[in-house]
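Going in written order, the chains are labelled A, B, C and D, and every chain counts its residues from 1.
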Amino acid sequence: MILILKKNASEKQVEDLVNWLHESFNVQTNLVNGTHQSILGLIGDTSKIDIDRIRTRDEVEDVKRVQEPYKNTNRKFHPDDTVIEVMGRHIGGGKLNVIAGPCSVESEEQLITTAKAVKKAGATMLRGGAFKPRTSPYSFQGLGAEGIKLLIEAKQETGLPIVTEIMSLAHIDLFADVDIIQVGARNMQNFELLKELGHSKKPILLKRGLANTIEELLMSAEYISAGGNQNIILCERGIRTFETATRNTLDISAVPILKTVSHLPVAVDPSHATGIASLIEPMSLAAVAAGTDALEIEVHCNPKNAKSDGAQSLTPEQFDSVMTKIKAMAEFIGRPLEA
Amino acid sequence: MILILKKNASEKQVEDLVNWLHESFNVQTNLVNGTHQSILGLIGDTSKIDIDRIRTRDEVEDVKRVQEPYKNTNRKFHPDDTVIEVMGRHIGGGKLNVIAGPCSVESEEQLITTAKAVKKAGATMLRGGAFKPRTSPYSFQGLGAEGIKLLIEAKQETGLPIVTEIMSLAHIDLFADVDIIQVGARNMQNFELLKELGHSKKPILLKRGLANTIEELLMSAEYISAGGNQNIILCERGIRTFETATRNTLDISAVPILKTVSHLPVAVDPSHATGIASLIEPMSLAAVAAGTDALEIEVHCNPKNAKSDGAQSLTPEQFDSVMTKIKAMAEFIGRPLEA
Amino acid sequence: MILILKKNASEKQVEDLVNWLHESFNVQTNLVNGTHQSILGLIGDTSKIDIDRIRTRDEVEDVKRVQEPYKNTNRKFHPDDTVIEVMGRHIGGGKLNVIAGPCSVESEEQLITTAKAVKKAGATMLRGGAFKPRTSPYSFQGLGAEGIKLLIEAKQETGLPIVTEIMSLAHIDLFADVDIIQVGARNMQNFELLKELGHSKKPILLKRGLANTIEELLMSAEYISAGGNQNIILCERGIRTFETATRNTLDISAVPILKTVSHLPVAVDPSHATGIASLIEPMSLAAVAAGTDALEIEVHCNPKNAKSDGAQSLTPEQFDSVMTKIKAMAEFIGRPLEA
Amino acid sequence: MILILKKNASEKQVEDLVNWLHESFNVQTNLVNGTHQSILGLIGDTSKIDIDRIRTRDEVEDVKRVQEPYKNTNRKFHPDDTVIEVMGRHIGGGKLNVIAGPCSVESEEQLITTAKAVKKAGATMLRGGAFKPRTSPYSFQGLGAEGIKLLIEAKQETGLPIVTEIMSLAHIDLFADVDIIQVGARNMQNFELLKELGHSKKPILLKRGLANTIEELLMSAEYISAGGNQNIILCERGIRTFETATRNTLDISAVPILKTVSHLPVAVDPSHATGIASLIEPMSLAAVAAGTDALEIEVHCNPKNAKSDGAQSLTPEQFDSVMTKIKAMAEFIGRPLEA
């Protein structure tokens, strides 16, 4: 960490600052006197220092971080890829996983039909929303506990692990038989939820918030891992920009960056990122080409009667066709589809 | 609501669509056949229609909303300003309220000293964080229940109503003596929390999310009001943009827009918006000039030892000086400071 | 085009509006009276109507466009792909082109060495900046006319067509032997420049501005095509967002969208989009997977002495390695590298 | 400037780097060896160093700037406010200027009528577009040379100095009798234009680009000033964000920041920022409250027949009413309206 000192800071002030830094954060310092400005370098472990506490000091004009503020999720300290096992499938171990299913669980028939179809097309896991975050209180809010029961039934029917979103700690007991708990983009910085999930042993699929940086995504993962749960999948699902042609802008460059700075597996959700069914194929292929470990894709047996996000859902037939190309691409890139 | 139909939609398809719209949403339709494209206008109450369900229809190329999707919070249906009373102060009734205090409650001494100072300077309410949303799990997370106890003590000492943030439904019982419950920007779309607060009678200070539109802010307010709680204060606190000179970009134009489209009172938080203490005065004056009903300002008796957000906190002396100007501006603009 | 009328618009006002629309824009209208609001649909060619002129009418609350405001560049009116021939290479005709070379032309040796290296690795065209748009007036501004002379020399040596940026109409005569004229992101809405290039016969590589939508990119292409020049390549090169991990955010979804709504060929520049050499390989592969017709990649024979953008330049050895993968991906996706 | 070195940089490499820095940029260095990372501080004038040239060095992981990259426009080196005199009015000297007039000059009658009206209401300068940057080639492009002739006529009639936009160097001779040359947002980084205007003696009103940071605005001003022209007015006119309720988001915090870091006068354009006539009053008052030296406001004698931007134009009556409030606010804030 580097402190840029104010021009008018006296020697006495700098001395006080140095003592305070040493006492508060257990770091050594090294002073560089420049022509225009002096700087103070901090030597030691600065990853857990709260930069704002230093910014407020009278003597300090600015503070620049050198070391990343995340540690458990940082590849520098954990060079090997994290591989997460879920019912025999491995996420992050050199295979591609495809998590597919409807945006919302709507009925037994809808879910089972869709689940069987995605399994047949090659999906390795089943997704489906039981608790649904909707912008409007007047939109369908999901089946709740009943939806999770149906997901478990679909797992029994198909053998596919299930992935579904948690929206409140109050519901956590309902997730006992869920295989991967999803934290949605709107809850990426719901820190109380993250802390609690840190005490769980279940894999967490953590979605990047619409206005969150890659570093903030890693800090949210750090919340979970700080609680003891290292089974985290980081998911890029589009960020909010000025562009209105797509619902969000899929930041595919996040994939190779995350794989470089962190050891955690990475997933991409082209359905929510674009909001347009016809873009799912090209964006899925692009994400696999860029090195993603998993895809999350919305499929609905009858999109035009879907209760949510129908416009971005593929029919089973469309999904089957997209999967053929994804499989070939996965093979080509050297990260074949998980069996 | 207007549906733009696909060029190749057959007469039969359009007829089916019209029937489906009528049955599903209880609306009438009016068809306009254009040279290049036909459009279908919906007649009736469309405010609660989920636009995505219509987008998925095969015959539909695009859907454009005419009527706003919010109703309880819409001035069209409630022309008179909502005025919220809190311990004799009125928010939204032509007076300006200033909510001031530390980012985090840190100790009895810190809070009581600061509370007395802001009261003396003219603040009408006291803010202070007991539960703190922090990007890093290694930063100070707030005193929790103990912090709320100290806030209540400060209320007794000063007579100022207290405003503090809720981060989890699990804590709601601790807020019994809190006067205004704040929902932070990161929880603006924590819909489970919003639903629950809809059943409360307490005024809610709802902060705009970093990447949320004005319409989405109103939809989140709609969640609270749909549950029965109409005591909502909408708070602009900066949105995330590409600019890095300030922590966020304060969207002051949100103030007159919100006052026009909604009847709810509006607040502005220049501290979190800018992250820079020296900008609080000009941005506070600008917000009052633009018509805000309230300001929320961070003040700390000793910013350089603050455990969070010191860089954006004013000292009591600075706050006193800023308040002198705010009072004069409030008087000038015709919305004098609440007594 | 759809006009949403104000609630209080009188019959007389609507009649006047209808007459004015008919006279001003030669369109027919169709009125739909809703419960809450009336709407007026325009029938006829609305692509060239200036929407702002209608918005100002007293009777009009809002206007929504149905038809795209671009015509020459719209696939609806020109279903077949535009194929641009440059010295025997074809852009947009089912082959992939790779335009490679240094950010700036710095010297004869630097350019010729790099040009030969990129040709050997498979690049189909040579790029190099003679006139350089730099944020700072104190940074290297390019060799100007001398740089173009060196590019022509490199073309003679290697047989590669050359692509270089124009920054001012005053320089146009210098571009007589340039094969593709590039319009940089900062000049995407330099309309005087676009108009003049519309009178040229040379292919134009038009880069998307940092804050410009896909529709605005097409409108700028429309400026060029309205002047008579249909040889336009649309280039996605990253947009400005809140994310700071990359210089810009590469919007790969722009590729399939542009290919759908327009008949013009599309290029992607991963170098400027990311600003990071190690991201060029994954982003190039992703762009090819998503269907791009061309890539533009920075290569420098000695990046660490580059006078501009060294951090995002590949060495010839790195480029050779990346090209091996790009070639294989191009083959795999069915859009093989142009010979 | 601070260089963060790669962990694996050898002593020999660091020595080479130090020598290269010394020779290339004439700066001294100071090495700080940290536990995790070593850093190198540069001592000397680094304001004109091209940071990208350093980033490419193999030994360097990252570079952080301490000194601002602008010099002529930096208040640190020129503590006193720049005051620009135009026909007896002073911009930046403690008075408020209001530049008003139509978006486009459309006819003699329209311009003269509007000019007289804005003068009567208290405007201190007249604006009007002769060359118009329009997104669509099919929209009205301005009267060009004829428009400038009409502006000069309006100046003679009213005594108001005139402000109009330049779009191409080819037109510069037409601007001989223009008092302030405006550079539009889309040309803020048209560096060839900026360089040329640096050789002019005329005041330049430089508008911030839609996606440009405050620092980039100052760098563009630095281009003009580096050429010898110090008469620059910096204009905030809204930045592009995800919000669609306003055309752009007016960043009022840019006003106090620009006034702090630079000595140049600052203007605000609420008309283009919001695109909504009813927001001009509150945003003008907010901008004056925040300390702006000038406002630029669109007024049209007949907005509903305006050929451009009618929706954001005030009628003369509305402008008169807004001016009454602006005058009072200017007086109140201590920066009274220029006579």
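Annotations for the structure displayed:
As a convention for this text, contacts are C-beta pairs under 8 Å (C-beta built on N, C-alpha and C of every residue); 3 or more make two chains touch, one makes a residue touch a chain.
Not measured: the values here are computed from a predicted model.
Ranking all chains by how far their C-alpha centres lie from the centre of subunit A, first place goes to D. Note on chain placement: the centre of subunit A and the centre of subunit C lie 31 Å apart, centres being C-alpha means.
Mean C-alpha positions place subunit C and subunit D at a centre distance of 26 Å.
Each of residues 211, 240-242, 244 in subunit A touches at least two other chains. Judged by the touch criterion defined above, the protein chains are all mutually in contact, each touching every other. Residue ranges of subunit D in contact with subunit A, taken from their complex: 2, 4, 30, 32-37, 39, 41-45, 62, 64, 66-67, 240-242, 244. The part of subunit D that touches subunit C in the complex is made up of residues 47-48, 50, 52-53, 55-58, 69, 131, 133-141, 167-170, 186-187, 189-193, 195, 209-211, 216, 219, 222-223, 226, 240, 303-311, 313. Touching subunit A in their complex are the following residues of subunit C: 211, 213-215, 239, 241-246, 249-257, 260, 273-274, 278-279, 282-283, 285-291, 328-329, 332-333.
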